[in-house]
Amino acid sequence: MSETLVYAQSPVPRRLPFSRQQMPLLATILVCTALYIGACVTFRGFFSKDVAVAFFGDNAFLGIAALGLTPVILSGGIDLSVGSMVACANIVLATLVENHHVSASVAILLVLAGGALFGCGTGMLIHFFDLTPFLITLGGLFALRGGALLISTDQIAITNDTIVKLTTATVPIGFGVQLPITAATFIALAIVLIFVSLYTSFGRNVYAVGGNEASAVLMGLPVGRTKVLVYTLSGFCSALAGVVYTLYTSSGDATAAKGMELDAIAAVVVGGTLLSGGVGQVIGTCVGVLVFGIIASAINFQGTLDPGWNRIVIGGLLLAFIILQKIIQPGKTGHA
Amino acid sequence: MRNQMNRSLLRTFTIALASMVAIATAARADDLVVGFSQIGAESAWRTAETKSMKDEAKKRGITLKFSDAQQKQENQIKAIRSFIAQQVNAIVLAPVVETGWEPVLKEAKAANIPVILADRTITVDDPSLYVTFVGTDLVAEGRMAGEWLAKDTGGKANIAELQGTTGSAPAIDRSKGFREALANYPDMKIIMTQTGEFTRAKGKEVMEAFLKSPDGKNINALFAQNDDMGLGAIQAIEEAGLKPGVDIKIVSIDGVKGAFEALVAGKSNCTVECQPLTGPAVFDAVEKAVKGIDQPKKIIVKDGVFDQEAAKAAIDSRQY
Amino acid sequence: MTTAPLDYAPPPPRSPRGIPLLVWPILVLALLLIFNFFFTPGFFHLTVRDGRVYGSLIDILRRGAPVMLLSLGMALVIATGGIDLSVGAVMAITGTIAAALIVRPDDSPLAFINVTHSLTLIILLSLAAAAIAGLWNGLLVALLDIQPIVATLILMVAGRGIARFPTSGQIVTFEHPGFEFLGTGGFLGLPFPVTIVVVVAILTGLLTRGTALGLFVESVGNNPKAARLAGVSSSRVKILVYVFCGFCAGVAGLISTADIKAADFNNLGLYLELDAILAVSLGGTSLSGGRFSIVGALIGAVLIQTLTTTILARGVPEPLTLVIKGMVVVLVCLLQSEKFRSRCKRLFKRGNS
């Protein structure tokens, strides 16, 4: 245990369980579990396979965007354009497939490439010109939303065979559970990103840049490449989230995902990642997304809250979650 | 002798118990649980619709599971899924957008839960995904507004238009209907149009900009796609030194109390009702759907058109 | 958003050559105005009627007043390294409380308060509520050590719900000439909201530059450890700035509510927090905390409003509006970037030599 204290400031997250570094994450998971159990006990029907699968399926697009956002925040940046990118990807995919009769696979690839390219451009602007990520990505938020609306203000119903088939496609994962493709994508991406963040040099560089950019530069780490890559990843993931949203609704809607960036940021931060960078885990983001999903479902199951109380309860549950998180873990989690 | 008495007592008791259980389960079967996925609570109109639904459910002894989606489609999809998981008897959906409902409605159909649409309609390939639509005809509302304006101005007007939230169904449909009506009157021109986002504040801000623009002095009519924007615009007109309702004829849609007050005060000229109190009609449809009774695919709730005279007569009976 | 070590303190809002960052938003603002001068007839036209000046320029100031107020409070919060997302919701809460106090609907929980006769009390009580909201944020951030973005997100969500209660979910309208004056009245020929902004801005300036408070705020944001060692109470400073931000949001809420004479809890202040943060950032205050610029924040707010008014005056549809807004934001950022400017200069130099 004393060795862990010596490494307490290391930017590399410990892989051993229950080390000091893991406490925030454990606290988050514990409180999330408590929340889930509480809901199961209170509401009949909450504890069921379908509801559990729905957490992953319904929140898949939010989760995928939040997962892509995590490395960005870990590196000390932020990306406000994720919501608008989801809408843009969604409407572009719908237009390509319905109005221009592009094949679904080609269209999806184009959209994903476009998202990655946009993210890459954002990252390059931020790195090469030393710009404030908040502002540039806010500009991206406006521009992408406007772009999506310019493509079409009407919704576009998708009748393309491949897409329609994909909306009901499921992946069997044993125990008689069929995961919808949206949930499967979310979980697959989570596994990939957890691996990348913990076991690759890119992941280590992200933590290093977020922890202390100046030191990272002095250490000779490829800071510029890392920063451009995280935004490229974020752009790719938000575009993927847009594709998943298209599969989720089988339609294109330029007004979709308004304000989603705030939900994604909240999920990342609730999951234990610090907005100042350098501290946090990808799996924490998954837990954060689940927490929001559980709260939303619980309110739906309750079914009698009027709009005023609805919002107050969401805020209250969020507050309770944060406070419990703080109580359970010892010591400071740092401050912004 | 005792044995026989015991046996008959036992038999009576068992029969009584069985019938009590039967009555109890039958009573529970009559207790309908309906899930209602509402768009949000973004306007007085919307809250009036919600209140109508809640009041009607209470009156009929139906348990209403209410979900406020805060105007996001994904929240409505989540709500419907949770209704399916709770095995409700019927689902009422007021869809925030027109498309994107196939996947989740297919699940509802597979679970044998009838779906009734309220207030707005959807575009689906398979019409069996919903039982019926109960609501107003948004396109007709726009058309009625256009027709009234044409009659009132004698077929000649320079119209400023305040549109609703870009991409929303009421904005799209009411625009369509209005222009359909105007097509018959070549001298009625829409000289400027912008979104007022269905809010009072934006309606006022945009109207100010309209009045200041070089063409502003030519405006003699205003079509506000909802009353809230119209009420904001009235303030802008007054502050510009003009007389709303006199210098600029105003027609708006919704029929909220504020619009009636403006009509009585002579500041507005016409409001086309968009009836939010659809609770009774919706629950009629729900009960029929649960019992499996056939009903028409579209149940249109009539809207009234109120000019200043009609408003004076009706204002006391307005509920919202 | 990085926490830099002591010897790499974030640069003050000045480039090494000494050109203040402020120059760039002013430049873009000037460009916008020049564009309007040539292409929007009547933009600079001012008329005087009933002792009040009217015109597009005046509109910019009047319409931009709420965001200008928000940006004053937001500048201080950001300077301490924090952020306040709840300002829009606080505007709504304050506005509906004021409306409820004026109208006193029967089913309102505030019906027992009888202050309809006193404008001062109405305003004071509403602003007190706004300050309490700010205090709530400040306590969460300073005492419970919750990240500001999450702490204020809680009030941003819950606040919209709280705002429904004073008027029991009804959008109440009112006629109160005294209160309406806040939004539509005139003073010295200018709209009263402009006067309010000037007063609050002067107040802010005196508070921050006339006392040591400004220095404390900057030090807490720049380097909390050093500030603590120097004896500055970081928690007290943070609580104060959040209360002040809540207060500014409250004033903005009163102005907006007075403007439309209604308690629109759904839409009042919606998304304005983004505009405020944008204004502060454009004005040269770094989002990681440290030095701040009140004048910069105001200019940033005016720039945003000028853009909106220009677009409205030209009747540009909303989708295009958003794209233009995005491009302007990126443009100002690029101009403010020293690296971008030097690269441009190098391009020109290479061309000449």
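We call the chains A, B and C, going by the order they appear; numbering starts again at 1 in every chain.
The definition used in the following text is that a contact is a pair of C-beta atoms (placed from the backbone, for glycine too) under 8 Å apart; a residue touches a chain by one contact, two chains touch by 3 or more.
These figures come from a predicted structure and were not determined experimentally.
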Two chains sharing the most C-beta contacts: A-C
Farthest chain (mean CA position) relative to chain C: B
Separation of mean Cα positions, chain C and chain A [Å, integer]: 29
Inter-chain centre distance, chain A versus chain B - centres from mean C-alpha coordinates, in Å: 34
In chain A, residues with contacts to at least two other chains: 149, 153, 306-307, 310
Multi-partner residues of chain B (each touching 2 or more other chains): 41, 47, 166
Sequence positions of chain C contacting 2 or more other chains: 164, 169, 318-319
Of chain A, residues touching chain B in the complex: 43-46, 48, 50-51, 54, 58, 61-62, 149, 153-159, 164, 167-168, 245, 248-256, 258, 293, 296-297, 299-301, 303-307, 310
Chain C contact footprint on chain A (complex, rising order): 76-78, 125, 128-136, 138-150, 153, 210, 212-215, 262, 265-266, 269-270, 274-278, 306-316, 318-319, 322-323, 326, 332-333, 335-336
Of all residues in chain B, those that touch chain A in their complex: 35, 40-41, 47, 50, 64-68, 71-75, 77-79, 81-87, 97-103, 106, 123-125, 165-168, 172
Residue ranges of chain B touching chain C (in the complex, touch as defined): 41-44, 47, 166, 192-195, 197, 199-202, 204-206, 208-209, 212-214, 228, 231-232, 235, 239, 241, 258
Of chain C, residues touching chain B in the complex: 41-42, 49, 56, 59, 63, 164, 169-171, 173, 184, 256, 259-262, 264, 266-268, 309, 312-313, 315, 317-319
